[in-house]
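In order of appearance the chains are A, B, C, D, E and F, and numbering begins at 1 in each one.
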Amino acid sequence: MPYVNIKITDEGVTSEQKRQLIKGTTELLVKVLNKNPNTTFVLIEEVNTDNWGIGYQSVTELRQADS
Amino acid sequence: MPYVNIKITDEGVTSEQKRQLIKGTTELLVKVLNKNPNTTFVLIEEVNTDNWGIGYQSVTELRQADS
Amino acid sequence: MPYVNIKITDEGVTSEQKRQLIKGTTELLVKVLNKNPNTTFVLIEEVNTDNWGIGYQSVTELRQADS
Amino acid sequence: MPYVNIKITDEGVTSEQKRQLIKGTTELLVKVLNKNPNTTFVLIEEVNTDNWGIGYQSVTELRQADS
Amino acid sequence: MPYVNIKITDEGVTSEQKRQLIKGTTELLVKVLNKNPNTTFVLIEEVNTDNWGIGYQSVTELRQADS
Amino acid sequence: MPYVNIKITDEGVTSEQKRQLIKGTTELLVKVLNKNPNTTFVLIEEVNTDNWGIGYQSVTELRQADS
């Protein structure tokens, strides 16, 4: 029954990494709360760096400042 | 005043189907809770099948196993 | 596979009304998108009227103005 | 620590407007609740007008009716 | 049409502060995007400090370490 | 920068289990995506079993049928 929503910036996350996130999250919920994996949802949302802000700035701005 | 968020996989949902989901959801909230349709939001989010996991796997993997 | 999140104000929604929302929403997704009801989640969140704003005001303020 | 999620229709929002939304939202949380801007997230999600419903209709339909 | 969801820890936020968050957020969306305040939703969700994690720990643990 | 939202039914989840979910989720994001734990949010939301539906029914109804 758990629903897990993972929001990350869209900075090149591979399909393999997504599989690891799905598998790892499901394993955690089974281990800690004994949940049924067949009704455990894991949704990954990739957010554009223009659209994610922290410390008054967008991640796009932060990345430009870092580079 | 209701806000409804519908997340589904991005597997070819048509504009007509979206209209039906919006209309049907709004009708349900008017019927059951007597809500004002003019301040009833229905948002549909289509999620890539790589990004939706169930039973340790992504929907992409499940679909491949089914085919 | 659908995940539906319904946010409404916490103004006395009964268990029976919640059942109707869950049943009606699931029926709609089965009818329109042929989804599997056994992996269709419907989550209802009841929000305090202090915590819901529209038109610059909280719903608590709006209700007081109406009464 | 705040997490703010802003959902708007994808009707030509510019990067500059996104920066203003991020900056303005963060300033508001610092001013009202004295939160730490460096752990204040602001996420903007742009939703297709087919996918946003209000008053039984999608925003696409409403815009067509207006034009 | 905007929908804004503000999640904060449930550490004594007053009704007055909630009104300021609702008013300020709505003003920002009207100013930056010229949105209609009467269809601008602002929802505030207060999350228990046990239920909010950052840096491997819950906020409850962080507050205890600080005190 | 990740934001993770875990929704589970409010069926007696302990503070210790919440700590394990927070720790485990953060470790996963550090391991798979090399994210900074100090800006990784994990929010746990506990949902009343009346308010969570699956297979046309609320979890309350399902639990009653099971018992």
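As a convention for this text, contacts are C-beta pairs under 8 Å (C-beta built on N, C-alpha and C of every residue); 3 or more make two chains touch, one makes a residue touch a chain.
The structure presented is a predicted model; accordingly, all values stated were derived computationally and were not measured.
Minimum number of contact steps separating chain C from chain F: 1.
By residue number, over half of the touching pairs seen at B-E are also found at D-F, the match among C-F, D-F or B-C.
Centres computed as Cα averages put chain C at a distance of 21 Å from chain D. Taken residue by residue, chain D touches two or more other chains at 1, 3, 7, 21, 25, 38-39, 41, 43, 52, 54, whereas all remaining positions touch fewer. Applying the touch criterion to all chain pairs gives A-B, A-C, A-D, A-F, B-C, B-D, B-E, C-E, C-F, D-E, D-F, E-F.
Put simply, chain A touches chain D in their complex at residues 7, 47, 50-58, 60-61.
Interface residues of chain F facing chain A in the complex, by the touch rule stated above, are 1-9, 13, 17, 20-21, 24-25, 28-29, 31-33, 35, 39, 52, 54, 59.
Those residues of chain C lying in contact with chain F across their complex are 15, 18-19, 21-23, 25-27, 37-46. Chain B meets chain E in the complex at residues 1, 3, 38-39, 41, 43.
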